[in-house]
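Below, chain A partners chain B and then partners chain C, in two separate complexes.
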Partner chain A sequence: MIWQQLQSLAGSYPLALRGLGMTVMLSLISLVLGTLIGFGLGILRTGGNRLISGLIGAWVDLIRGTPFLVQIFLIFFILPELGIELDAFTAGIIALTNLAACFICEIVVAGIRSVPTGQVEAALASGLSRWHRMRQVVLPQAMRIVLPPLVGQYVLLIKDSSVVSAIGLTDLTRVGWLVVQRVPNGLLVFFLVGLGYFIVCYPLIMLARRLEQRMGAAHGEVQL
Partner chain B sequence: MLENFSFRTIVEYLPLFGQGLVTTVWLSLLSFAGALAVGIVLSAMNLQRGWLFRVPAKAYIDAVRATPLLAQLYFLYFGLPRLGIILPELVVGILALSLNSGAYVAEIIRAGILSIPRGQVEAGVASGMTYVQRMRLVILPQAFKVTIPPLLGQAIVLVKDSALLSLIAVAELTRAGQLLASDRFMPAEGFVTIAAFYLLLYYGLKGLAALSGRWLGLQPARSSI
Partner chain C sequence: MTNPSKGRTGMIEFRGVNKWFGALNVLKDITLSVEPREVVVVCGPSGSGKSTLIRCINGLETIRDGDLVVDGQRLGDPATNMTRLRTEIGFVFQSFNLYPHKTALENVTLAPIHVRKIPRAEAEKAGRELLAKVGLADKVNAYPAQLSGGQQQRVAIARCLGMRPKIMLFDEPTSALDPEMISEVLDVMVAVAEEGMTMMVVTHEMGFARKVAQRVVFMDAGAIVESGTPDEFFSHPKTDRSRAFLSKILRH
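Presenting the complex of A and B:
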């Protein structure tokens, strides 16, 4: 019986590959977009304009305060009511990008705030423009604080991409759900699904840990 | 169209939302208690010197952290019956949330214990305390303090994660929104309302985390929830 199941599972490997491809694609696109937008939002948030900073803060709080599943449903079901037609894939990308951007914004803000004010003042005194201050003085130093949680955030993003299966996208989790209807062995099927995510996520978790240690050590912070 | 946003329907369905909210709250409380139990056991195993307990605990924590909760939930939901264990969806959901959050709680507790300076331990040794005395009188009281704010952060994550239980038909808050969306074709009313309820829970817990930090005399730590 287990042999038959294994054969049946082997037969559905093209489906599994498609699911893995979908998961990787969703994660990659929203990872790149989310990082860009997140950095932009973070820089704007620390920029000094009270109104913009407040608006971004409120939006980030809204996104952090609601479940991702609810956000997907809101985007997928309500944007069409506003006259914006979109398919499940676009809805998934929008939801994931928005989520990533909000969390990365917070990480970037924490990084920028960690840079001593003396550095900014020195840059001002040297006559650097706003853009150059940010690009050549603040951001390079902020990266030390930003990088480890940023990689951790990518792991969260890949895992959160599984939730888009709820609006019918055939990602890795959805493939598991489809296969388990034919091969009634939930333990085996979802062990394999989990393995797929593990292979992608575990190296990133290790990388985040290494970065954290290295960034700490580089500045002579002793870990007790 | 959104011009037709029907507050009347929301009011009509308010009892359903209320029930969903209550279910979300108590199943989150139960799961959090479970997560604390799992986390304490795991972190105790993880802090052992011998590999016999440490390696399985580490492997479990890594496996949980590197896979999505939804896959874990389906693993239990479709997998337990295979082992002849038939449980109601609600119990499977609470189990999944406890086992998942437990891994994160274990890391929080471990970080709390490791944050105690070595000098404290050495002072305990110099005073002739045994291992148990050092743990009980020196390390744990201090570690306890540091772990409260991140534990509340994990509670926030858990409440939000509990929305996934709607996908295995547990009648919690998100499920109530889905019902309104499918019964009356009113997704806007359904999902905006439950989003508001979740925000209520979020701000409540966030306020509690800030208060606890002040009570315990900690710096207002920037949590990464």
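Presenting the complex of A and C:
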């Protein structure tokens, strides 16, 4: 019987690849967008404007304090009620990007706050503009603190992307659900699904670990 | 509010400046004028407000009332571009504050390249010359962590000079240094003073004060208590507080 199941599973190979592709695509796009937006939010959050900082803080708390599944439902089912029609893929990207941006914002804020005040004062005293202070002095030093948890966050993001199967996107997890209807061996099917995620995540886990070890060695900036 | 026409205007002019940290009056009614090319040494017990005084000049601290005019521009005035004014003022910190992720040369060239918009090659040439001038020609590519305290402070001075400032402020530049490194930093400061830089130096180094300062200002509890030539001040202090202070720093 197990032999038949394996044969049947082998036949689902193209579908599995499509699912894996969807998972990687969703993760990659929201990872890039989320990183950009997260850095932007983090820089604004520490920028000294109380109102902007407060608004970002409130939004981040809201997103961190609600289940991701609920956020996806809100975006996919509630926005159309307000006249904003979204396909599942766009909704998934928006939800994942938003989630990633909020967590990355917190990571970036912690990194920026870890840079000693004396560094900012030295940059101020030499007349560097806000942008150059950030770009040349603060961020390179903040990256020491930011990089390891940032890569860790990417791993979480890839795993969280499995939630988008709930709105009908055929990602790796949904492929599992589809296949298990033909091959009634949940243990085997979802073992393979889990393996698929692990193969994508493991290199990142290794990278995070290496970055952490390198922190002590660099002169203040992380060289990849 | 600025009255440049009214009498001589110094490079740095404090007129009735007050500053509070909460309920604490850290600067009390400070009136002080520093002429171009003048070197003023500020001393006093710790907590007397001397660091705060010079940190106000480049806007690292803000004042509550009174006027502070630097290079003809009144601080706190909306017309004063603080970022631009800061490019004319070098500031040397007690703890050096070199950028740890940049080499000595990069520390020196960063602001000239990004603020003064000097082409990189030109900035690097000038940077090498400055580092040679402070005796660190062989440390151009060293990172701060690879340098001793005295070397780091000399890089910090070169970093300020790279902007060709009109004013240099020193906030206890030698008090974080091991004794054997103090003179190498003071020598560089003397050289800068002798080139005619307007300087305010918070320090207890009497040898430096006697050598290059035109004036010593003694502060206590946020106020200027006494001011005079180094000779007057060190040999014949006029107030009990300055005598008590001097007896403490002269004891060893």
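Here is the rule we use: the second predicted complex is superposed on the first by the 215 of 224 C-alpha atoms of A that agree within 3 Å, B and C clash if a C-alpha of one lies under 4 Å from a C-alpha of the other, contacts with A are read in each partner's own complex, and residues count from 1 in each chain.
Quick note on the criterion: contacts are C-beta pairs under 8 Å (C-beta built on N, C-alpha and C of every residue); 3 or more make two chains touch, one makes a residue touch a chain.
Because the structure is a prediction, the values reported are computed rather than measured.
Colleague: Following superposition onto chain A, is the placement of chain B relative to chain C best described as a clash or a fit?
Modeller: They fit side by side.
Colleague: With both complexes superposed on chain A, which partner does A:Leu51 reach: first (chain B), second (chain C), both or neither?
Modeller: Touch status of A:Leu51: no partner.
Colleague: Is chain A touched at more residues by chain B or by chain C?
Modeller: The partner making contact with more of chain A's residues is B.
Colleague: Just checking: does A:Ala122 make contact with chain B only, chain C only, both, or neither of them? Give me first, second, both or neither.
Modeller: second
Colleague: Thinking of the overlay built on chain A, is A:Val163 touched by chain B (first), by chain C (second), by both, or by neither?
Modeller: In the superposition, A:Val163 contacts chain B only.
Colleague: Of the partners chain B and chain C, which touch A:Tyr202 in the superposed model: first, second, both, neither?
Modeller: First partner only.
Colleague: In the overlay, answer first, second, both or neither for which of chain B and chain C A:Val137 touches.
Modeller: second
Colleague: Is A:Leu69 touching anything from chain B or chain C once the two structures are fitted on A? First, second, both or neither.
Modeller: A:Leu69 sits against chain B, while chain C stays out of touch.
Colleague: Give me, in Å and rounded to a whole number, the least C-alpha distance separating chain B from chain C in the superposition.
Modeller: Between chain B and chain C, the shortest C-alpha distance works out to 25 Å.
Colleague: Check chain A for residues that touch chain B in one structure and chain C in the other, and list them.
Modeller: Touching chain B in the first complex and chain C in the second, no residue of chain A appears in both lists.
Colleague: Which bits of chain A are touching chain C when the two form their complex?
Modeller: Listed in rising order, the residues of chain A that touch chain C are 116, 118-119, 121-129, 132, 136-137, 140-141, 218-221.
Colleague: Along chain B, where are the residues that touch chain A in the complex?
Modeller: Checking each residue of chain B against chain A gives 1-2, 62-63, 65-72, 74-75, 77-83, 114-115, 117-118, 160-164, 166-167, 174, 177-178, 181, 187-188, 191-192, 194-195, 198-199, 202-203, 206, 222, 224-225.
Colleague: Flag every residue of chain A that touches chain B in the complex, lowest number first.
Modeller: Per the touch definition, chain A meets chain B at residues 62, 64-71, 73-74, 77-78, 81-82, 106-107, 110, 149, 152, 155, 158-163, 165-166, 172-173, 176-177, 180, 184-187, 189-191, 193-194, 197-198, 201-202, 205, 224.
Colleague: Sort out for me which residues of chain C touch chain A in the complex.
Modeller: For chain C paired with chain A, touching residues are 58-60, 83-84, 86-87, 89-91, 93, 95, 97-101, 110-111, 114-115, 143-145, 159-160, 163.
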